[in-house]
Amino acid sequence: MNDLDVALIKSQVLSEALPYIRRFAGSTFVIKHGGNAMAGGAIDEAAALDSFARDVVLLASVGIKVVVVHGGGPQIGEMLGRLGIASQFVNGLRVTDSATLEVARMVLMGKVNPEIVGAINKFAPLAIGLSGADTGLIVASRAQGDLGFVGEVQSVQPDLIIRLLEQGLIPVVATVAVDVMGQAYNINADTVAGAIAGAIGAEKLIYLTNVEGIYANWPEQDSLIRRASSAEVGSLVASGAISEGMIPKLTSCLHALESGVSSAHILDGRVEHSLLLEIFTDSGVGTMVTREEAS
Amino acid sequence: MNDLDVALIKSQVLSEALPYIRRFAGSTFVIKHGGNAMAGGAIDEAAALDSFARDVVLLASVGIKVVVVHGGGPQIGEMLGRLGIASQFVNGLRVTDSATLEVARMVLMGKVNPEIVGAINKFAPLAIGLSGADTGLIVASRAQGDLGFVGEVQSVQPDLIIRLLEQGLIPVVATVAVDVMGQAYNINADTVAGAIAGAIGAEKLIYLTNVEGIYANWPEQDSLIRRASSAEVGSLVASGAISEGMIPKLTSCLHALESGVSSAHILDGRVEHSLLLEIFTDSGVGTMVTREEAS
Amino acid sequence: MNDLDVALIKSQVLSEALPYIRRFAGSTFVIKHGGNAMAGGAIDEAAALDSFARDVVLLASVGIKVVVVHGGGPQIGEMLGRLGIASQFVNGLRVTDSATLEVARMVLMGKVNPEIVGAINKFAPLAIGLSGADTGLIVASRAQGDLGFVGEVQSVQPDLIIRLLEQGLIPVVATVAVDVMGQAYNINADTVAGAIAGAIGAEKLIYLTNVEGIYANWPEQDSLIRRASSAEVGSLVASGAISEGMIPKLTSCLHALESGVSSAHILDGRVEHSLLLEIFTDSGVGTMVTREEAS
Amino acid sequence: MNDLDVALIKSQVLSEALPYIRRFAGSTFVIKHGGNAMAGGAIDEAAALDSFARDVVLLASVGIKVVVVHGGGPQIGEMLGRLGIASQFVNGLRVTDSATLEVARMVLMGKVNPEIVGAINKFAPLAIGLSGADTGLIVASRAQGDLGFVGEVQSVQPDLIIRLLEQGLIPVVATVAVDVMGQAYNINADTVAGAIAGAIGAEKLIYLTNVEGIYANWPEQDSLIRRASSAEVGSLVASGAISEGMIPKLTSCLHALESGVSSAHILDGRVEHSLLLEIFTDSGVGTMVTREEAS
Amino acid sequence: MNDLDVALIKSQVLSEALPYIRRFAGSTFVIKHGGNAMAGGAIDEAAALDSFARDVVLLASVGIKVVVVHGGGPQIGEMLGRLGIASQFVNGLRVTDSATLEVARMVLMGKVNPEIVGAINKFAPLAIGLSGADTGLIVASRAQGDLGFVGEVQSVQPDLIIRLLEQGLIPVVATVAVDVMGQAYNINADTVAGAIAGAIGAEKLIYLTNVEGIYANWPEQDSLIRRASSAEVGSLVASGAISEGMIPKLTSCLHALESGVSSAHILDGRVEHSLLLEIFTDSGVGTMVTREEAS
Amino acid sequence: MNDLDVALIKSQVLSEALPYIRRFAGSTFVIKHGGNAMAGGAIDEAAALDSFARDVVLLASVGIKVVVVHGGGPQIGEMLGRLGIASQFVNGLRVTDSATLEVARMVLMGKVNPEIVGAINKFAPLAIGLSGADTGLIVASRAQGDLGFVGEVQSVQPDLIIRLLEQGLIPVVATVAVDVMGQAYNINADTVAGAIAGAIGAEKLIYLTNVEGIYANWPEQDSLIRRASSAEVGSLVASGAISEGMIPKLTSCLHALESGVSSAHILDGRVEHSLLLEIFTDSGVGTMVTREEAS
């Protein structure tokens, strides 16, 4: 392209982006970090984390308040292996006994969380690591099923997050929490992201995953849905057309939308800057689910 | 281009622009509107004004505080003609006698200013028309030479502009002012733009003109200067290599830079969105003059 | 009079005035300036404007927030004549075609308005010229009848005026406004004064005219009314006893009183300091109309 | 006089007064109440107190912060007589032994002070009675001479007064104070008024007395001084031309002027509204002493 | 006791007290000072006042806002005797004629009040003497019965007290007040304490007396009540089991509790630090009456 | 003891404690938690942690801002053992290679820190876990010696801690930090506590240990020092009379005192409530080191 064409494209991208930037300044986004699922193809894990961190800092730089939520299943499994702790399984799900819980807490809070915090703070020293136990942020209760110390979110007390966001900081939340008796639990990160988004009145809830979005007819590539309403997603989930791993994400999306979140997004975390493209362009790159009917 | 290439370019433009958006949020820019010189080529006067107004509102939408300054020589001449008021000339410059002054004030404040205000307010009702006489904004004194009621800037009392900017408004300043005795004067708009930029501590002073920028060796196209220091521009002016019409602009740039303005820009107002491209891209599209040595 | 008598009178005037000064400090008055009708008798136009400006500054000095509203019919007519623009008339009213509108805007904003602003700013640099188009202050719509670009007030967005008043400034409003499509209109100044008074919750709406007040039985001198209720004025208007030119003023008074303004005043602007006497003495000098029954 | 003449005089008084009202709004005046010396001629004691209270409330109503200071020598003498407490005298001055002090405190705080507070509060409930002992307002020390518990002002801690004034209240100060050991003293009220005026940075210190002002050559009526500088008053005091009772007032005036008070006034409290006339008219009615040279 | 035992007790007292200190920081307590009834046994009047003052300053030091209310019957009687003013009695109650009222006001405001203020200010200069007449704090009306200028509380305007408390000061209120016509009255101090407590939304109303508390079956020592509900106290008063002098206190307690005060306390003022023990220990030392049922 | 004696002691403890409570309200204390060294004698580890947490919450309840700092050497060693990671030693000190660092970070941030946070939050949900990497709180650099990733404090950026304290929260800091390149280090907790105390302008720095305090002549029991100056402690350290493990504590004390901390304390953490006794009683229970000469 020649210079003039480049200038034309640039000025169009800017004209298109500025109204979004204006609109989202001061808004809060909760982003579920997809863990190592975000690496793949031409990009390794460290580079993926680095790219994610850079985008988060860019969002913060234009006044968007970002909360990052993460889990760390594979890393927990790896450490259990190193310590020779055998796991029981119920219906294919790992039972979190007390030894497992100790390891999960160490890995989530002492390994995965500081890695994400460190990646962000290399660009700007704004990230602060949190767990659900800090100042009673998340009160947990034991989840149904015989899975041991696997918890679910009983309530969220969002004051701490809100104040940190007001100070321009970026909370990075490890999904460990305690119940009213002080007992710790490990909680599914997709669920926690949705619950926090609802509790703090987030504008957007964004899941970074290793798929392009929601497919009406998986795995047909051209059945990718760009935009859907809560009702449509509800029907899809009910129809059984949705893949297993996507269910907790979509359920959490629907809950968050009911709690007042304006839109929920499923993005492919492996595409560089997919966050920026989804937020600041008209067409977006993933699936956006909104409360009202899609048109 | 295919979708992926487009996404790539978009994400690069955004990555490039966001740090500028962050950096300039809350900064003040004084923009000298170039009048009908901004029309030309494929774009007519109304469309040029419309495009300018849209860019100003986009800048305001991302937290940049914009002051617009304008003159209106051709329109004054046209109205003098309609009223059959003949002008005297001294060294080729029109003498502003009292009848001329009355017409100049009417045209600047009652015709040109409301047109710019109206164009901006169609996008967002943020523009407010001002003249130098409002709340003693500009105190004028009679300029040297026998040009009648042509004034120069004695002092700027910037409180009004600063407060309007703090309220998110866009002051549009017609360059009429009064002296301490209440006598009105017409003042060169390039000078007023520079004086206001200095007085309010603007980050940028931007002249929208009908040339691409400063040429080291006018009219050789490839002698266009992208970036220069005050010292370099001072040398150029002294060398006589600069075209006549550019002198007041460059002199005002140098004064403004001395008063604390960080950078002054000469842009081609006929290029659509040249404001956005100059401000939000690494390469820019015109000439940027900075206080410190260019590197 | 000897010194003691003078002291006695002075102390009585002060005792009488101070409670009014206390009561009105912080209140807002909208004053419709009567134009050249305010000159007459021993006082010429320039002196009348000067005297008016001095009183406005005195009011401001004791904490009264003053908004001045003005039209300029005669000056517009004069300029149309100079430009050789002939006018059509419908029922004796001038039709405002597009050429007339351009002239009206130039004269109101570029001539009458800066004259009033300049007169006030000679005493204290507090006046700022506005038109209804600034920041969408007044939204107009086309008035009924075939009068062209004669508008009526659709709505008032008073934020700008309120903020300027809070800063201790004196807005001077030219009665030009635009509709939602950006089309400009000329609007009757009496109507605009009443609409602004209602919208900003003014305490008083004051019309400076060339009559002493309202007469129950015009032109009988001793039928001058000092104080009347809305209901009484409504009856008078309905009875047809009121002179033609007074109707828009009284109609606007009644609307303003309905919108919450506490009292409306018709004063003789040709009497020096009539503003001060009406506001700060028990007896007053013109006609005061109040919402509740007069007693 | 006919109506027009009255209107003329009224408008002149108002034009003259408004700038003073503007200038003194927010200023602080310390007024030494002259006790029963303010009665005389056609006005009895109760009416004099009532008139004084009304003027104080008028001053407060236009934003002047007023502190009233009073003593009560005659009332103390009367109560000592009723209780049959005989007094010793040294050089003609009453010695304040411990029984006398108890009576002085009762009379000043329990009789004179509530009478002044009550008189003001009938017009507006703004007065609050204080003594120098409240929150350590005045720290006293024993005065020289063998006069027992007669104190002098060691220091003033003005926070309490300043905060009450900021709340729009009118402190009325009885001149009893304690020393650092908690021992109470009676202090000369002229001195206390001057010390408080200096400590709170008052604009004016005003003594209401039973003379018209300072006479250059007492008792020649036409030697009354309207305006004098500190230096001139200092010379007069040194020359011995000043009557005995005026000395503490003038000495306190000079100290207060040195401490930053702008002007000190000696007024005839027996002239009704002399406070208003002195403050709000060009000519005034008593003697004004200023820091700088009188011209 | 050895050092370890002492440390153990100390740490227990601290552990017990800290939660109360936390809970009451920022709360307001109204304390009725019991006058000379608080002396007795091993402690004389001056020492009792000193001990009271110290406790009040300690309460203030941990953020409790304290209002002190006092009467002074015995001191008034003594001064009436010294002045030879005979009193009439109706049903055994002294009639307050105008001479008596003058003495009562002098004694309460000029003798008792400054003694309490002075005692507190020896520890920290925080006390400020008030009467009900200051800034219209208490509006009185004539009480029923033929007792002359004995008043009752018509209304309380608590702004002054609230602002002084916000500044960290300790108001000490003498129970003199005026009616709407400016006539002064003497009012029962128990009643005033209750009315102020209700009006300012106090947390606690505390009566310091010369008994240990309320007895269910006076004078049986072991019928002392530690804690009672409003209802229980209401029944006791109705049953006639309560001693005469306790009735106004209990009636005022019940009114105050109805007005929103959380608890009312009857304490033995002769026990040193009884204030601290009642407030900061679990068991307390007197009788606490609460709104809700005691359990 | 009978009731009266108990009341006497209680009132004395309260009288003694209240001035300290007043003095320290709003002050900041940095407390180095002693780890499992705080257990011993009759109290097990869980009970010791529980007792510590309760005292911290009591301090917070009376307005003291508490920062807790901890290490966790024994727990790190235990986990290294479980993972079969052998350690190298240099001069008896464990070398922190990259595998060891990963374990240290997991144990400090994922095990020890959440245990302390959890213990506090059982009493009041105020604790928030931090590491030196959060928002760039501590910038580390590699310590001298060949100990691998053992760091020292390069600088402290205390904004985050100060803001959390202002919100009434209790930061609990794990002593892991990163250098400017993002490399993590483990740092000695005694040193970190002193550096933070200096950086945030703490009033007190408190080390909870398993000894009673500093001994002038260890291990002679009666050589325990209650109070010492910086100079005296400096001499003791220089003299070699101090036990090895106490050196980093005392060195950090001296640095903190130089940085503006008012006093540093060495307490026996095994004595229940030793924190309360040291802070709120005249005699204290450990060793207090102050900047100025002890007297």
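Couple of notes before you dig in:
For clarity, chains are labelled A, B, C, D, E and F in written order, and residue numbers in each chain start from 1.
In this text, a residue touches a chain if its C-beta (ideal position, glycine included) is under 8 Å from a C-beta of that chain, and two chains touch if they have at least 3 such contacts.
Because the structure is predicted, anything quoted here is derived from the model rather than measured.
Any chain touching subunit A that also touches subunit E appears here: F. Of the two interfaces, C-D and D-E, the higher number of touching C-beta pairs belongs to D-E. A centroid comparison over C-alpha atoms places F as the chain most distant from subunit C. In whole angstrom, the spacing between the mean C-alpha positions of subunit B and subunit C is 36. Subunit C and subunit F have Cα centroids separated by 73 Å. Centre-to-centre, using mean CA coordinates, subunit A is 46 Å away from subunit B. Shared interface positions of subunit D, i.e. residues touching 2 or more other chains, are not present. Chain contact topology: the protein chains form a single closed ring, every chain touching exactly two others. Residues 82-83, 102, 105-111, 113-114, 117-118, 121-122, 125-131, 133-136, 157, 160, 163, 167, 169, 176, 178, 182, 184 of subunit A are the ones touching subunit F in the complex. Taken in their complex, subunit C has these residues touching subunit D: 7, 9-11, 13-15, 17-19, 21-22, 25, 54, 58, 61-63, 271-273, 276-277, 280-281, 285.
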